[in-house]
Amino acid sequence: MSTTETDAGEMPEVPADPNAVSISINGRTVQARKGELIIAAADREGEYIPRFCYHPRMSPVGMCRQCMVEVEGPRGPMMVVSCMTPVADGQVVRTETEQVKRAQEGMIELLLANHPLDCPVCDKGGECPLQDQAFSHGPGESRFVEEKRHYEKPIPISDLVFLDRERCILCDRCTRFAREVAGDPLISFTQRGNNTQVMTFPDEPFASYFSGNTVQICPVGALTAQPYRFKARPWDLEQRESTCTTCSVGCRTVVQSSRDELVRYQGVDSDPVNWGWMCDRGRFNFQSVNSEDRLDTPLVRQSGQLAATSWSAALDAVAREMRSAGGAVAVLGGARGTNEDAFMWGLLADAVGSNMRDAQLDDGLPAAVLGLPQATIDSACSAGTVVLLAPDLKEELPVLHIRLRDAATKRGLRIIEVSSHDTGLTAHAWRSVRCEPGAQADTVRALLADPAVSSQLASGDVVVVAGRANLAESAEHTVAAIDALLAAVPAATVLPVLRRGNVRGALGLGLAPSAGNDAAAILESAANGRVGCLVLLGADPLSDVADADLARRGIAGARFVVAIDTFMTQSATHADVVLPAAAYGEKDGTTTNLEGRVSNVVQKITPRGTSRADWMVAAELLHMLGKDAGVATLADVQKLMATRYPAFGAAVSSAEVRRNGVVVTAPAARPAASAPAVAPRSSYDFRLVVSRKLYDKALGTAKSPSMANLAPGAAVIVNPLDAERVGARDGAGVRVSNAHSSLVLPLVASASVPRGTAIVPFNQPGADIRELVRRGDSVTDVRIESI
Amino acid sequence: MGYFGGFLVTLRQHGYKNKVTTEYSGGRVFRRKNRDDKDQKIDKPERLHGRHVLNRYEDGMEKCIGCELCAGVCPAKCIYVRGRDNDPDNPTSPGERFGFVYEINYLRCIHCDMCVEACPTEAITETKLFEFSFTNRKDAIYTKDELLVGDDGKPRHLPWEDWREGEDEHTSGWMRATAPSGDATFEGTVSWSGELGYGVRAPEPDQDSRDLEDN
Amino acid sequence: MSAGGTNAFAPGFYEGNRPRIVTSRFGMEDSHSLGRYVATGGYDGLRRALARPAQEVHEEVRSATVLGRGGAGFPAGTKWGLTPQDVWPRYLVVNGDESEPGTYKDRLLMERDPHQLIEGCLIACYAAGLSQCFLYIRGEMALAQERVATALNEAYAAGYVGRNILGSSFSVDIVLHWGAGAYVVGEETALIESLEGNRGMPRLKPPYFPAAIGLYGQPTIVNNVETLSNLPWLMVNGAAAYTAIGTPTSPGTRMVAVSGHVRRPGVYEIVNGTTTFRDLLFGEGFCGGMREGRSLKAFVPGGGSAPWFLPDQLDLPFEASQVGPAGSMLGSGAVMVMDDTTDIPKAALTLTRFYAHESCGKCTPCREGGTWLERILSRIVDGKGTDADLDQLLEVGQSICPGAFPHASSERLGISAVPFPYRMNTICFVGPSAYAPVHSALTLFREEFEARVTKRVHIPVTAVGASR
Amino acid sequence: MARLTEENVRLAQEIISRYPKARSATIPLLHLAQEQDGYVTDDAMAHIAELVGASPAEVYGTASFYEMFKFHPVGRYVINICGTMSCALMGAEDLMHHAEEKLGVRMGGTTDDGLITLERAECQAACTEAPCLQTNYRYSFRVTPESFDALVDDLRAGRLADEIPPHGVVARVRQHIPADRGAGVHAPEDVKSAPAWLDGKAAL
């Protein structure tokens, strides 16, 4: 059941290496890489050495002493810790001698001396490395008769994680992860000797976006996750390997269920993607799938009220409206679903002659950036320089943040960051420059003029990580900055960091907007009464489109609105037909991550109520419209998809799609950038940045009880000096206004924001900043006054 | 044989010939005939496996901690358990966790007693009662409410069960077939760590005297 | 506040009629002042060193074989040579975190002659090309900290430390750093961790010496206070004069603290390698024998972590090459003497408790094993042990130090010595140190333990496993 | 309770400037905080974390490793009685019993007047002068019950106020490197070549 680490067999085969050395393990001569640790070489050879503190993705510490093996030395056999000792040519290693066994048994006995035997109530019981290795490498019985160490039983160290110090065996995995991988050293060893314990600073919670990983890598039940706590036992779990679609990084996971209920996701070590890590949002949002608030039956508006109905009645109504709409059918969304969903809805849109579709909601970059020379996560991490023209990756694509942080801190990657404020990567950036909204291209040009920067850019591969950092400015500014960079470094590649789960798949498989007809234009058309049937395919413009006014007018102006979703979203409450959609974990298919990597997602539980996968709805509608695509199963869809999109087809049918995925690059046109002019502003104005936080009002978070309270809430964040100028203290309410609207937000002073810039997190509980944002504005200026 | 042939087979069973089952002591036939002297149950073997009960500690706390070991070991997959956090102010069981849902499906249970073997807290034991039958499939699924003993430590008497005076006494007759650590020749003291919060189990029968002799 | 020894200014120090290298100023009241130091030839060694190329100074120290006085006894000159080529900067860390039970020579050296130490640091930095020096003093030594701080301030003002020392091209800062109470920080890699602002937990070996990767990942020399205090004399008098004292394998003198049940417990500077334990314990120039009417039962020859010696070993010289094969070690130069009134199990408990308490908690055998030993021992001392506990002590010890553990020979018991060193499953020596007194006491005085064991019953067995 | 005062922040910055990496100043700064408040407060640790560029949890992890840092108020005088080998051989246990009786507190306790905290300590490096104790890290050697009583009486009467500063102050003398005399820090990222004096010539 243990899924915490990749089996040796899952690692890619080692190519013939000039640095290979040959060692002998238990009498067998094997090849190893120079500098490799004995335990890693043994793992690959299938010689299991017991361990607790060793983790292949973190630096070794040699603390638990469980992995001791015998190595032939100049003065006879020596006991060494295999997690700290590198292989050497001709080395003779024995892992099963009497002495080794004795050391292993001794160590297990010592570890169990103070370990409570409350396995029956411990979440780890049944999949516990300590339990397993006590059986496989332990002495069987303990001679420890003294009173064990006692601490207060589990204490919550954050909203998501419980710590039981009695169970802790002090392997340094969680603390090492927090320090070395996540960069959030909010937990540490405290006290000393036999009283050593892992703790947070008094009254400061372990509020890391990656805290769930510590639960997964804990070799005992010392750290347990609140959402999984006492939900199931390992022996009644069933699991399938899948891909997380919470964001577009596409972390490989296993989806685990018990009694047809999702209970846990665990990260799987996929070398090109997530290395076994996940962010807490992706890890714990399974709770929303189990929510009581899920839609479970189709609804049709009858005399002003949405009323439950049958699928056939609901689909009849939709088909009728589509037919009568002529070509004026619009499809918004699709990024939440699978590739197959997007493909079938693309077919449907083609069939009804619609040229209005967009998988993004005016909150990404023009789909044409996918036509630029593409980078992958791996190529970015192994490049010489990464230029970040992106939002705070820690908030939006946390595992990509981990990968880039690792490359910057350990592998010599140099990061040049162009950002409106300090981000999670600022501390690790080689250069980090602040840039006002709208000034990206100028900032990049100024940077390029710096000889140190240009020689750095000339010294190796350059990858531009580009995404939408600010929803209160035009996306064209970012595109112009990319253009400026590519003009100077033509060989540079681009890693587009569009945020939504399968946005790249949806854009590549038929839901990309046609020229000048993106989501905003579609909503504008709808507002003007030119959309007969607006399909919201897992999209909620009323929450997600940055221009609140546009969204409202668009939804109101569409003649007929169909919402296909898992929850009753804001927009769905205005729909004429609401169709319940199968959620993540309830349907099979494939997804595409931000680098174009296609991997599979799986069905683990029965869809809620009568909800269905989106592709089924499209197939049914095609049939009803008399344009049957001849698909009855997912395999049919994939076959059909292969004829239209051969690259996707080849990826989907390969075995690798169920492991590390296959990178597919769909050709697209290069964008024609035109940076809109930026208006000057008065010195009383702040230039507004609307950016995302990891936790917000998104339903996957809001409907997951243990994450529902993690959203920081709406606030306006300014530099402390600006706060002083405004005359408001930290936490005081201030009036934020411009020509469009005015609202009151609490003020937060933070030195991470440069002067003249105001940051308001998007989609947070509290006053809605979107009221101040207008789509046509190149940038948004606001005035802040104390009240 | 046809439709009526089937009935014939059944009717034959009520004849005096070919009788396969004999009336055991305490059967309904005797009660109907008002023969009180015959309406008694015979003593049951000590290790008889009857329907289960969920026990409490003397202070009323439930012994079940919802660990699901019984469900895991059950060869018939007839036990369904879900755990939940104890309310620290008003705990149901000692420690962190209690059995929130506990169900046994007696249409599946084979009374093998593996659940009793697996239970780390002696929460589930079997009574000697086997005289129960149902007219409804739902009744066959005993819920926690039905399995749990009352505050007096005695099992609930459900309408379709044939409880007699004194039978309650045999409900918690805990009997384990295997020795600790699975070692049949084990001779040590079973020393339970008190860490879980639930009580320290008394030594196995006869161990007391054996230890005394050793000392 | 009371002065117990013959030396009014350095309580516990006895001069005696012997060659003195590092304690030459101990008899002077103001030995810690710059004025007195310079007046008695101070900073001459530095001047002479600076007048020669650094490589030559290094060679001189190497040829004098100045053994490290911290415990391991590794020659300082050789240690300096272990730094990798062309990696800069390199650092000097002075280990003044003296905490080994029984030892306190370094404290006296810092309190009584801080300038001698400073001069030694400068010579080491010059000879080995070390860019910055960190002088780590144990946190509890308030007086030593004050004296060294004062001396440093004086030395800076007088131009002995800092930029262009004595007008030369040699510049180095000595930064005073102090600990906060953790024995394990005396281990050199733990010292470096502590100096980096971390928990003082030893680093993993390899690399075996921080000379390659030490402070901030740079080559780092860690030297003991006494080791460095030898350098000024060595520079003035030369390697030949240095090696003329003592034996070829252990030249020079060394400071030894003798404590416990002797008539005159104190600190002595002895000639290395020739002085025997009998001289030290019974000699008139030294401790002057056991307390009135008492006889020697056992003694610890080299700090709390050393296996114990019996009267059988009294005639061994204070020389590592002879003590090792006899089953113990010299360590940091501390002898603790037990007479016939000593309660052996309790004495062992005292030492084991120290090491269990001072374990850093990093590796399992030390963290869990040390405490386990302590708890079994205290049960035995309290009269609640069983005879199985005695074997259990040895079993736990096996998990810390597998194989045969060194011990002394005994005619009475008819056992022969198991030579030093031991094998260990731990990262550093703290774990084995917790076991050493237990093993010595149990091997040499088992009958005292048996007398304490009240009942003879089998231990109840707790099985290991999920449902137990 | 309290962050570092402005004066102490200045001192802290001076201390930090002596190390190639600010983190190295953690322990000296914790001493500074303890000097200021008599014990290390949570706020002070958070402040130190800011100054040395660590997380508060890391500073707390470091601080709690070391015996000398107290996280709760202690008496003005902390008396540490050594109980390790040499002192134990010379009667430390009796001394401890006597001290507990005299002060009316158990080991680890503080007297009601908040003046004296009694603690059992491990080896204090004065083994030949056993049994010994430290009062705010100032020694008393060969302590007898009588000399212990005298010490306590002196402390209570304030007769040792000059000799023994309040708990938290260890060394009363600070190192000061004059700006014109310092050779400067040598950080690994700044220094890439051998020191000037290794040129094969004599430095003088």
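Should a chain be cited, it is by its letter among A, B, C and D, assigned in written order, with residues numbered from 1 in that chain.
Following the convention adopted for this analysis, a contact is a pair of C-beta atoms (placed from the backbone, for glycine too) under 8 Å apart; a residue touches a chain by one contact, two chains touch by 3 or more.
Not measured: the values here are computed from a predicted model.
Distances from each chain's CA mean to the overall CA mean are smallest for chain A.
Between the chain pairs A-B and C-D, more C-beta pairs are in contact across C-D.
Centre-to-centre spacing of chain A and chain B amounts to 49 Å, using the average Cα coordinate of each chain.
With centres taken as mean Cα positions, chain D sits 22 Å from chain C.
Taking each chain's centre as the mean of its C-alpha atoms, chain B lies 64 Å from chain D.
Per-chain CA centroids place chain B at a distance of 67 Å from chain C.
The set of chain A residues that touch two or more partner chains comprises 117, 120, 125, 140-141, 189, 191-192. Chain contacts: chain D has residues 54, 58, 61, 65-66 touching two or more partner chains. Counting partner chains per residue, chain C has residues 182, 199, 357-358, 360, 460-463, 465-468 touching two or more of them.
Listing the residues of chain A that touch chain B in their complex gives 116-118, 120-121, 125-126, 140-141, 148, 153-154, 166, 229-233, 235-236, 259. Those residues of chain A lying in contact with chain D across their complex are 179, 184-192, 199-204. The residues of chain D lying in touch with chain A in their complex are 42, 45-46, 54-61, 64-66. The residues of chain C lying in touch with chain D in their complex are 1-5, 11-12, 47, 50-55, 86, 88-89, 91, 98-104, 106-107, 126, 129-132, 138-143, 145-146, 149-150, 152-153, 156-157, 159, 161-163, 165-173, 175-183, 194-201, 216-218, 257-261, 265-267, 300, 304, 334, 336, 338, 342, 346-347, 350-351, 354, 357-358, 360. The residues of chain A lying in touch with chain C in their complex are 60-66, 68, 79, 81, 84-85, 99, 102-103, 106-107, 109-114, 117, 119-120, 125, 131, 134-135, 138-146, 169-170, 189, 191-196.
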